[in-house]
Amino acid sequence: MKIALFGRLFNESFTDSFKLMFDEFAKHNVEVDIYEPFYDFLIREINFKPPVNGYYKGCDDLNKDVDFVFSIGGDGTFLEAVTIVRDAGIPIVGINSGRLGFMADIAQDEIPQALSDIFEGNYTIEERNLLQLETSKNGLFPEFNYALNEFTVHKTDTASMITIHTYLNNEYLNSYWADGLIIATPTGSTAYSLSVGGPILVPNTQNFIISPISPHNLTVRPIVVPNYHEITLKVEGRSDSYLASLDSRSCTFDSSIELKIKKSDFKIRVLKLKTHSFYGTLRNKLMWGVDKRN
Amino acid sequence: MKIALFGRLFNESFTDSFKLMFDEFAKHNVEVDIYEPFYDFLIREINFKPPVNGYYKGCDDLNKDVDFVFSIGGDGTFLEAVTIVRDAGIPIVGINSGRLGFMADIAQDEIPQALSDIFEGNYTIEERNLLQLETSKNGLFPEFNYALNEFTVHKTDTASMITIHTYLNNEYLNSYWADGLIIATPTGSTAYSLSVGGPILVPNTQNFIISPISPHNLTVRPIVVPNYHEITLKVEGRSDSYLASLDSRSCTFDSSIELKIKKSDFKIRVLKLKTHSFYGTLRNKLMWGVDKRN
Amino acid sequence: MKIALFGRLFNESFTDSFKLMFDEFAKHNVEVDIYEPFYDFLIREINFKPPVNGYYKGCDDLNKDVDFVFSIGGDGTFLEAVTIVRDAGIPIVGINSGRLGFMADIAQDEIPQALSDIFEGNYTIEERNLLQLETSKNGLFPEFNYALNEFTVHKTDTASMITIHTYLNNEYLNSYWADGLIIATPTGSTAYSLSVGGPILVPNTQNFIISPISPHNLTVRPIVVPNYHEITLKVEGRSDSYLASLDSRSCTFDSSIELKIKKSDFKIRVLKLKTHSFYGTLRNKLMWGVDKRN
Amino acid sequence: MKIALFGRLFNESFTDSFKLMFDEFAKHNVEVDIYEPFYDFLIREINFKPPVNGYYKGCDDLNKDVDFVFSIGGDGTFLEAVTIVRDAGIPIVGINSGRLGFMADIAQDEIPQALSDIFEGNYTIEERNLLQLETSKNGLFPEFNYALNEFTVHKTDTASMITIHTYLNNEYLNSYWADGLIIATPTGSTAYSLSVGGPILVPNTQNFIISPISPHNLTVRPIVVPNYHEITLKVEGRSDSYLASLDSRSCTFDSSIELKIKKSDFKIRVLKLKTHSFYGTLRNKLMWGVDKRN
């Protein structure tokens, strides 16, 4: 088995689990490629020089023949791993080095069992849609114009509210007067969109959610649309500079640029343990089981 | 052309438009069957005895060969028309005798143009999913166990909160501790579910929304699921009597009864004028265009 | 020291703590009056016959000379204790026999220290406003027309939405079209009102909150008013029977009855340990410190 | 009578009303001081050179002996007028040149009657609290550290969420993990705070509202506190640059600066017509009377 390891950094409390992972890799003759900045971190901060086969610096030199990409970190790290895997179809394994994540849902104490399951082929592969951003000219995000969670437009720092004219398949939907607007995938429904009052979408729904941020009009509500619709946004405001974000990457643009959001033509593949379920993660992360108010 | 007319009552201000409709029917040799209680209302309250071909009292004696069922009233009347048309596949025409509705979206002043469009075949037919309720024993709602908008469970009058154990395709989702729970279709997303904070779903989304009513746990949120999922509910509470509703019809049940909600095996067909659009109705009804706060 | 004990029932897991409390009472020569149904419960279910000085059945025969009323249970039990103490000015001590409450905030494992503090006079007394309901004729709730948490009007079981015309100091505020309306005190702001989207009010704010339940109009919002305002409600609806509730007690009324809510002319006194704070309870009960979403 | 006129600009549709106002001023021998940039606007854009007695450029050279400051514009202009009037105690008259405002609530077609009422002394003066910001060092907003509506902290453009440690009278309340936090006055409760889910506070409530912006923790809620409490904020985040705003003025600060918000030691005085009421404005602006959803 060949794998690529991706990560940024982790807390000392994860070190033992991390080393144990390498013990297991050795026992099962797993060939490991590692993300170079992560390798540097391990040597410098953890004082651990793991046995690896190769290095990669990004999407271009990632060996596309690996069986899995292991993302070590949290959901934020997982989102970065997505920008490296892209449309290669390599399943991503989300190992959580800290607090439980929706994507990085293999906890520290589950690692031994998880590895055993992976070596035995005892898992499922879940496919997740991304959204793709197309812009009318000098494309924003030339490196990678996709997001697993959400696309966001937002007013800049000191500016006043912006108007976001929104079209679905070129039919006019609404002009949001707000601080910003979030277009989220079902995967993103438990992230930023949830913080502004958006609904939760279970992973296999074929939808986008359009959620305004601090909308001025009190009757606008999050709206769920089919993901085979193209969403077009034209932004207007006093200051002609706006913020666009794909997951955690962002840039500015002006009103001459029209933004189009649609379903990506590829999917991200995520390894899921058979003992895990989305509903269980949901209940756990949102503490539905715990009710202390009475 | 043959049509069936359905209605309950209307305000005097609608009388002229209603008579004008019959003038047009006469000109175009439309044969009209009428809902008997509505006919009685017209004679008694409006002093108008329209020329009709036949009468019907309900679903059983409705002539299934009519080309359209005209629902005269509001969205509430439209929901009743659905309980009469059922799976007959007859397109329903929603004529609004009062305030604009989402389903009853042909306004009084649009009637002449609408009739002209209908006579010329200048319209589209939109199909809407219903939800179906199945119960474990002595079926609730034996007459018609379907809803166009929503299914609701609710605590009874003086009772305290209830616990609603919820399963998706037999997998445990959550136990809601709340006053009640709404399972809505996309059509129902702009009705009761919207009042408790649910999102708007555009008509062609293939989903149900599960929205709690006054939930005690502050982290539960409306959740959107695919409509090919079956939703199972088991209700628990101090008083063992709960309220179940399908659209505007309701009955009581106890905790021995398990409730299953799924997509109906037929659809309701709705006539839509080509000049109308869901987004336009949405903006109009929710007053998105009007913003008086600044 | 003389105290009156109030309670309904508790789980077995609380028995030892309860007995220990009586040991402490004995050591400090505390004279205990007990609520008769609670005494019956103790003998019948717990097989414990505590040494007591007297019995009482309700407000009328409660000895008003006791130094404290100990409420054993949760916040619901505390609300019942309020209906017995009324305007007697006796401080209530909220001992929690189960999950932590906002009012019943002395946890099982804190009892020894709490009793020691109480015997030493090491506590503060917090005063809480109640609201008072006045009705235009044949007064509702003749027994005790006050609430510590909230007054609620609600549609009855199978009825459709109701219209609640609302006036502040006889000036027209709004006509809510909704399932119901909650008028809450600051104390009630963390109870039912919070479940329908109302804000939290810290205990010493001099306000009422008016929160609609499932309002049809999407622009209505919870509104906070000074508690020296009188709030008048007139209810209208198709079925002429509505539900009124003061805390957990409820009754029906019709549209001929006008409801007036104002600040009570007395306060409830609550014993608070110096180690406790409202903000701490808030963080603990609402789990603000725990964040599992990332 | 002496008045000072304040404004920025207005639409052509307001020109006639504006000139008419000067006719009335002339008839009643009103001496008018005018804000110089506004005077320039009138000459340049409206081609109208109003007869005035004097000019002023800001707070320093405003004649404090005027009877009223007339603010011509919307609520935004009114907020600017506040920064000029400050603690001078001069009543502000809010003339609305466009859409109705909460503060600028005298509509174009009411101007003749309003002026007549003002000349006859037929009005009331309403006092509104401001909030004051104090900072631990090199004070932010050295010019004028007060706000009529709200104080806001917010993450900067491309930064991730921030943590806002919040204390009430030096007692720890909560650490908000969010995009930002709003501290609003009752006046500000219908502005930005309302857009993020805060409650409405009627003007004479003695409170502040603390409302988080896009909070990550789903159980945090807007909280209403007495305005005699001091609110202290300490902000933390990955990027050490944060945004602070007082009404529409903003600046950046870093985590070494502690922010303290308290009730101002002076009030703004607002002229209110006797025919106007806060509740009427509220119903009108939030369209409570209009309900198109059924």
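Every chain is named by a letter (A, B, C and D) in the order it is written, and numbering of its residues begins at 1.
Simple rule for what comes next: a contact is a pair of C-beta atoms (placed from the backbone, for glycine too) under 8 Å apart; a residue touches a chain by one contact, two chains touch by 3 or more.
Here's who's who by UniProt: A, B, C, D = NAD kinase.
In this text the structure is predicted, and so the values were computed from the model without any measurement.
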| item | value |
| --- | --- |
| Proportion of interface numbers common to chain B (NAD kinase) and chain C (NAD kinase) (over half same, under half different) | same |
| From chain A (NAD kinase), the most remote chain by mean C-alpha position | C |
| Selected from B-D, A-D or B-C, interface repeating A-C by over half of its contact pairs | B-D |
| Chain B (NAD kinase) and chain D (NAD kinase), separation of their C-alpha mean positions in angstrom | 45 |
| Computed distance of Cα centres, chain D (NAD kinase) from chain C (NAD kinase), in Å | 38 |
| Per-residue overlap in chain A (NAD kinase), given as positions that touch at least 2 other chains | 194, 197, 216, 218-219, 221, 286-287, 293-294 |
| Chain A (NAD kinase) partner contacts - residues on chain B (NAD kinase) that touch it in the complex | 168, 171-175, 177, 189, 194, 197-202, 204-207, 209, 216-226, 277, 279, 282-283, 286-288, 291, 293-294 |
| List of chain B (NAD kinase) residues in touch with chain C (NAD kinase) within their complex | 154, 156-158, 160, 178-179, 192, 194-197, 213-216, 218, 243, 248, 250, 286 |
| Chain B (NAD kinase) residues within the chain D (NAD kinase) interface of the complex | 74-76, 99-101, 190, 194, 218-219, 221, 284-287, 290, 292-294 |
